[in-house]
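Just so it is clear, A, B, C and D label the chains in written order, and each chain counts residues from 1 on its own.
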Amino acid sequence: MDMTLQILYTIVPAALIAATPLLLTAMGGLFSERSGIVNIGLEGLMVMGAFAGIVGTLFFESLGFGFASPWMGILVAIVLGAIFSLFHAVASISLRADQIVSGVALNFLAVGLTVFIVREVFDKGQTDTISARIFRINVPFLSDIPIIGPMFFSRVYLTTYIAFALAILVWYVVFKTPFGLRLRSVGEHPMAADTMGIKVNRMRYIGVMLSGAFGGMGGAVYAITTAGNFAGGTITGQGFMALAALIFGKWHPFGAMGAAVFFGFAQALSISAQQIPGLENVPQVYMLILPYVLTILALAGFVGKAEPPKALNQPYEKGSR
Amino acid sequence: MTNMFKGKLFGIMIPLIAIGFGFLAGGIIMLISGNNPITGYVALIQGIFGDIYYFGETLQRMTPLIFSGLAVAFAFRTGLLNIGVEGQLIVGWFVSVLVGIVIEAPMIIHLPLAILGGALAGALWGFVPGVLKARFQVHEVIVTIMMNYIAMHVVNHFIRNYMLESGQRTAFINDSASLSSDYLSAITDFSRLHWGFLIAIAACFLMWFILWKTKKGFELRSVGYNKHASSYAGMNVNLNIILSMSVSGAFAGVGGAMVGLGTYNYANILPGFTNLGFDGIAVALLGSSTSIGIFLSAFLFGGLKEGANNMQGQAGVAPELVEIIIALIIFFVASSYLIRWIYSRVQSKKEGK
Amino acid sequence: MEYVIEMNNIRKEFPGIVANDNITLQVKQGEIHALLGENGAGKSTLMNVLFGLYQPEKGEIKVRGKKVEVTDPNVANDLGIGMVHQHFMLVQTFTVTENIILGSEPVNKGTIDHRKAVKDVADISDRYGLKVDPNAKIEDISVGMQQRVEILKTLYRGANILIFDEPTAALTPQEIKELIQIMKNLINEGKSIILITHKLKEIMQVCDRCTVIRRGKGIGTVDVADSTENSLAEMMVGREVSFEVEKEAAKPKDNVLSIKDLHVEDARGIGVVNGLNLNVKAGEIIGVAGVDGNGQTELIEAITGLRQAKSGTINVSGKDITAFKPRKVTEAGVGHIPQDRHKHGLVLEFTVGENILLQTYYQKPYTKNGVLNYPKMYEKARELIEEYDVRTPNEKTMARSLSGGNQQKAIIAREVDRSPDLLIAAQPTRGLDVGAIEFIHRKLIEERDKGRAVLLVSLELDEVLNVSDRIAVIYEGEIVEIVNAKETDEKELGLLMAGGKKEAGEPK
Amino acid sequence: ACGEGDEDTTPVNDGGNNNENETAEGNNEAAGDDEGFSSKMVTDTGGVDDRSFNESAWAGLTAFGEDYPEADVDYIQSNDASDYAPNLNRLAREGTDITFAIGFLMEDDIRTVAQQNEDQQFAIVDTVVMGDDDEPVSNIANITFAEHEGSFLVGVVAAMHTETNEVGFIGGVESPLIKKFENGFKAGVKYVDSDIEVNVQYAQDFNDASRGQQIADTMYAGGADIIYHAAGGTGNGLFTEAIDRARNGENVWAIGVDQDQALTEGEWDEGNVILTSMVKRVDEAVYQVSEDTMNGNFPGGEILEFGLEDDGVGIAETRDNVSDEAIEAVEDYEEMIINGEIDVPETDEEYEDFQSSL
C-alpha cells in the first residue's frame, strides 16, 4: 500500500506535467477545428512556441527581468504563435488551400525557419540554456493534505494549473458564450452561419490564431519547464500527440483534457516502470509502446466513433453548394 | 474541349509556378540573412547536377521518397490520410533486412522474397489502422500516428536485443538480397544508386495502373469520393478501406526495403524517425497524388536535400534553408487559388490590350 | 403603387453562365408573390442577391422605395428581409433555440442567456402558430419541424419580408397544408412573402401574383387570379405541357416482389418497420404513400440490402434476398433510384460515364481479368446519354457539374437500362421541374408496360395518385391499406396516412 | 551561370578521377603541396554545436586552424543519416587531406568511402572500422576514447559524495558505446563502496528532455542523490530536475558528460547542481591526428585509444563542488588505472567479472 502510494506520488505529478503542453496545444487545436479548419500544423506551432519562449526568456533575462522572464517568454510565444499561424490561416481560409497540406507545410516551415534563425542569431544549432526557469512548487496548505496533497499539489508547475484552468475557460467560452456558439456554427455549417450574418472567414481566422496562441504556449511551456533550451529536436511529436488527444477527446475540452492526462499517465508509467517493483523486469519495449497501444485500444474499445465538426476541412466559398 | 486542355496545362503550371515562388522566397531569405542568393543557388544546383556522383545520390535519395509518396497518395485517393507511412516504412526496412540476413537463397528467389517481406510488414502496419477504421470507425490519423511510434520502438527492440552487430546496426544482408549495383554505382562514380530506383519507377506505373485501369482501383476511388454511393452500388466499403490502407502500407514497406536492401544493406537502431515517411506526405501533395507528379516531386525533394549539403559547404548557407523552401513550395501549391487569381489577372490584362 | 421590394434589371453572372439576365421583380406589401421557373432558371440566385449572399453585376434593389446596397445577409436582416433557403441552413448538432438565436444571441454577463432565449423562441412560436420544441436537437426533428425553425429564424430577427425558396419540396401533404396556413397567418400579421415553388397548384392556392423567369431572363409577372396552371406552365417552359400522365390500364401478372412480416430497425435500434407485408406484381406500379418517417426509407434499405432486416422475408422473382448484400440484390434483378441522389445515387467526382457504369463496371465486357476497359465503358455511357437525353457536354464530364435533373436522368438511365424485374423509385422527382418530372413519369410507365414491377415511394401525393396503379399506405412501419389509385383521392389517402380515421397528427 | 558552375567543379572532378589511378604515395605527397594542408570534418546529425563530441571536435579543428593558419579547416553538417556518405564523399572529392567522421554512426559509410578513395586519408571518432579482411581499414585512423576510465573517476566522485548510498545513471540509447560509460561508472562507484546501489535506466532517446527529467525525478524520488548521464539532449532533463530539487532544498547532484557541462548548464540562483563532468577530449584527439597527418604521420589503420594517460578523458576542470578528499581519491585511482592496477570494465560481462573480483 505504502509502496503504491509512493509510486503514485511520483507518477501522478509526472503525468500532469507531461499532460500540460499536450492539453494547452489540444485546446488550440480545438479552437481551430471547431471553426472548421483542420490543424495538423499544431506540431509546427509548438515548435514556434518553444523557439519564441526560449528566445524570449533569454532576451528578457539579458534585460534583467529575472524570474519574470520565462513568463514573458511565454507571452512572446503566445503572440508569435498566433502570428505564425496566420500562414495556415491565410492559406487555408483565404486562399482555400487544402488544410491538411497547409498544416503539413506549416510543420516543415516551423522547423526550417526556427533552426535557420537560431543559426543566424546564436551561430549554432541550438540556443543557450535559460537560467531563469519556472520551477516546481508545493502549493501551500493543499500539499499537506494526506494522499491528495503529494499527488496533486506537491512539486508541480504553476503552468500545469494554468493549463487546466484554461481548459475550463475554453469550455466556458466555446459552449456558453455567443462567440463559442458562432465559432461552432462556422465549423458545422458555415453557409448557415453566413446567412445569420456571421463573418465565417473572420471566425475561422480567430479560431486558427487562437490555435497558434495556445500551440505556441504549449510549446513554450514545454521548452521552458522541461527542455531549458531550443533546438530542432526540442519538439518531437508532441504536436501530433496533442492532435490525437483532441480527436480522442472528441473535440471537447474535457475530453481532450482526459486524453492528455491519459497520455501523460501512460508516458509517466512507461518511464517510471523500470523503477517500480514488479514492473522492473518487464522488457522496456512494452513500456515504451504502452501509451500508443493503450490509445489505440481505448479508441477501438470504449471511446468509439468521434464525430468531427461537419465542415471540417472544407474551405468556405460564399454561395457554393 | 479547350477548357479541359487549359485545366490540364494548369495542373502542370501550378507546381512550376509554386516552385518558382518557393525559390524566390528562399532567395529573399538568403539576402536578408546576408548570403548571396546566386552563389547559394549555384552551389545548390551544382550539388545536384555538378557531379555525376551527386546526381546518382539524388536518384538514390528519391527512391524511398517515391515509395512514401505513392503510399500517401494511394490512401489519399481512397479518402484516407495515412500519416503512418513513416512507421510502415520502418517495419518494411527491418523485415526486408531480416529476410536478407536470415535466409540463404539464390538471388532470384532471395531478393524478391526480401522485398516481399518488407511489403508484407508495411501492409500489416497499414492493415491495423485500416481494420480499426472499417470496423470501429476509429480515426486513421490517430492510429497511424500511434503506429509510427510503435514501429520505431518495436524495431529498435528487436535490433537491440537480437540482431545487434556493431555499433547500432544489424549485420549486413547477404549479397543475394542486395539491391546494390556495382554497375549503377560505377556509372555514377561510386554513388549508392541501386536497382531500387528502377523498381520505384515500376511502382509509379503500378499505382497508376491499379488506380485508373483496374476494377479494384475504380472501387477504391469510388469509396474515396463517396462511401454511401459506393455501398449503394454494391461495393464493400469496409473491405476497400482495409485494402487501401494495406496497399498503401505495402508501398511504404517496399520503400523501407529500398533503404534496407539498397542504400544501407542493413537496419539500424533509429534514434528518431527517418522522416522519409513524413516527407512522403509533401511529395504526394506536390505531385497532386499522381504517379508522374510523385516521381517529379520526389526528384525535386531528393535533389534539394542532396544539394543542400553543397550549399552549406560551398556557399555557407544553412541547410535549413532548403526545408524552408520546401515548406513554401507546398504552401504555394496548396494555395493554387492565389496563382489562379494572379494568372487570371494577367490574362485579362492581356486581353484588355 | 407601393412596392416593398423592387429588384430592377438585375444581372448576375457565374463563370461561364449568366444566371440572372436583366430580371425585374416587384413585390407588393402584404402579398404572396410567386417566383416560377424551371430548374436552373435563376430563381435561387435572384433571391440570394436580394438576401445579400451574392452581389449583382448590374441593377438596383429598392426596399420600401429606398435604394439599398445589400452587401451581406446582415444588411438584409436589418432591412427586415428573411430567407428560408432551398437547402436548409440549420446546424444539425445545435438545438432549435441555438439555431434561432445564432448571430443575435441574448447575452447576460458575457454568457448566452439561455433561459431568455428559450422563452423568446417559445413566445414567437406561439404567436405565429409554429410549434417547435425549443430544446430539441435539429438532427432529431422532422423535416417539417426544421422548416418551422427556419421560419422562426427570420421572425426572430423581425423580418417582415420573407423569402421561401422551395419550401414544400420536402414536406408531407399535411405539413404543406400547415405551411400554407402559416403563410396566410404571416400575411395577416402584415408581412410580405416571396414564394419559390415548382408546384403550380400551390401557386394557384395561395399566391396573389407570379413572376416567371426562364433561363435567367424575366418573362413577365401575372395576376394569379387571371391564370391557370396550364398558362403558368406554358410561360415557364415556353411550350404546352400536359400534367395528366397518360397511361393504359395495368396488366399485372405474377408477383415479383413479396415481402412477408418484415421487421427492420433504424440506426438507433428502434423498430421502424413492424411486420410489413407487400406484394408487387409484374406490370404494375405500386405507390407507397405515407408521411415521412413511417419506415419508407428503412423499407427500401432492407429490400436493397443497405440495411439488414431483423426478421421476415423478402422475395424477388422467387428468390429469397432477405440476407443479400447490395450487389447480390442488384444481380437478383432489382433496380433502385435512391431518394438522395447526391448521397447514394452518384459519385459526384466521377465522370458521368463512370456513374452510368457504377452498377455494372465489374461485369464483362467492362472488366476483364480485373482490368477495366474504359473505351467500352464510355461507349455504353454515350449510348445511354443519348437514349435518356442526359444533357451533358460529354460522357467525361464530372457528374458534379450537371444540373439536378440531368443527374437524375443519368441515374435512371443506369438503373432502367439493366432491365431489372423490380424497379424501386424513391422520390424520383424531388426538386425537379415539370419537364423533367414528365420525362421520369413516362419512363416509369414505360417500364411497367414492359412487364416490370415498379415500387414508387413518394411523399408527393399527386405523383403517387397519377403514376401508380395501386397505392399502399404505410403507417408506423406497416401497410395499413392498399387502394386502387383510380378509386381514391387525396383526402382519403391523407386520412389513411394519418393512421386510419383519426385526424392527421404531428409526425414524430 | 551554368557554364561557370561546370568549370568550377571540373578540376575537383578530375582530381578525384586522377587520384584513383595514381598510386597512394603520389597522392600523399600532393597532400602537403601547394594547395596547403586541409583538415575537415563531417558532423553527425547533432551538428557542430551539439555541446558534445561534434562541438568538441570542431573546437579541436578550430584550434588547429589557429595554430597553423595556412591549414584549411572546415566542416559539413549532416541533416540526417543518409547525408553521411555523400558528405564524406564530398570532402574526399575535394581532395581534403584528412576527413574526420564524427561519431560511430558513420562507421559503415566511411568504410565504403575510404575503400572507394583508397588514396585519401580519413579518421573516425568513437569506433574502429574493420575492412573485409577483419583488419582495420588502412586509410582510416580510428580515434577511440576510454570513456569507461573517465566514467570510473566520476563514479568515484559520486560514491564519495552520496549521502543516501544510492546513485543513478541515465543512458541515451543503449549501445556498446554508452555501455562503456555505464560500466565504468558502476565500477567506480562499487570500487569505492560496494554497498552503494547504482540505478541504471536508458531513455532510448538522445533528444527527449522530458523523458530525462522524469527518469531523474523517479530516481531522485527513489533515493538516489547523484545522477550521471550519457544521454545528450535527454540529459538536459536531468539538470532541470536537479535544479528544481536543489531549489526545494534537496541535496541532489548531477554529473555531466563529454564537456565541462557546469560551464553551460546546471546553474541556478544559489549555485550549480553539476558536481563534476566526465570530459572526453575529442578536440585534443582531432587536433593531434590533424597535426600528425600534416607532418606526414597519418596513423591510418591504427586504433588510437585516448585514455586517462593521454588526457583523452578525465574529470572536468570545474571542481568547485567536489570535495578535496574526492579529488585526492580521483588522483589516486587515476594512477592505479594508468598503472594497470585497476582494469576498468567496458562491457556487461567484464563488469560482472570486475564485480565478483571486488
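In the analysis below, a contact is a pair of C-beta atoms (placed from the backbone, for glycine too) under 8 Å apart; a residue touches a chain by one contact, two chains touch by 3 or more.
Bear in mind the structure is a predicted one, so any value in this text is a computation, not a measurement.
Trainee: Between A-C and A-B, which chain pair shares more contacting C-beta pairs?
Mentor: Result of the comparison of A-C and A-B: A-B.
Trainee: Looking at C-alpha means, what's the farthest chain from chain A?
Mentor: C
Trainee: Which whole number of Å gives the spacing of the CA centres of chain A and chain C?
Mentor: Roughly 45 Å, centre to centre.
Trainee: For chain A and chain B, what's the span in angstrom between their mean Cα positions?
Mentor: The answer is 28 Å.
Trainee: With centres defined as the mean C-alpha position, give me the chain C-chain D separation in Å.
Mentor: Using C-alpha averages as centres, the distance is 75 Å.
Trainee: Whole-Å distance, chain B centre to chain C centre, using C-alpha means?
Mentor: Taking the mean C-alpha position of each chain, the two centres sit 46 Å apart.
Trainee: Out of chain C, which residues touch more than one other chain, so two or more?
Mentor: Nothing qualifies.
Trainee: Where in chain D do residues touch at least two different other chains?
Mentor: Counting only residues that touch two or more other chains, chain D contributes 77, 204, 207.
Trainee: Which residues of chain B are in contact with two or more other chains?
Mentor: Those would be 153, 156, 272.
Trainee: Which chains touch, pair by pair?
Mentor: Those chain pairs which touch are A-B, A-C, A-D, B-C, B-D.
Trainee: Which residues of chain A touch chain B in the complex?
Mentor: By the definition above, chain A touches chain B via 87, 90-92, 95-98, 100-102, 104-109, 111-113, 115-116, 119-120, 232-233, 236-237, 240-241, 243-244, 247-248, 283-285, 288-289, 291-293, 295-296, 299-300, 304-306.
Trainee: Which positions of chain C touch chain B when the two form their complex?
Mentor: Residues 304, 306, 325-330, 336, 338, 343-350, 354, 358-359, 361-362, 367, 370-372, 374 of chain C touch chain B in their complex.
Trainee: State the interface residues of chain B toward chain D in the complex, per the touch definition above.
Mentor: That would be residues 38, 42, 45-46, 50-51, 53-54, 57, 61, 153, 156, 160, 166-169, 189-192, 263-264, 266, 268-269, 271-272, 274-275, 305-306, 308-310, 312-313, 319 of chain B.
Trainee: Show which residues of chain D lie in contact with chain A when the two form their complex.
Mentor: 46-51, 55, 77, 199, 201-202, 204, 207-211, 213-215, 217-219, 221-222, 233, 236-237, 239-240, 243-244, 247-248, 264-265, 267-268
Trainee: Residue numbers of chain A touching chain D in their complex, please.
Mentor: Contact set of chain A toward chain D: 6, 9-10, 14, 17-18, 123-126, 128-129, 131, 133, 135-136, 138, 155, 222, 225-229, 231, 233-234, 236, 267-268, 271-272, 274-275, 284, 288.
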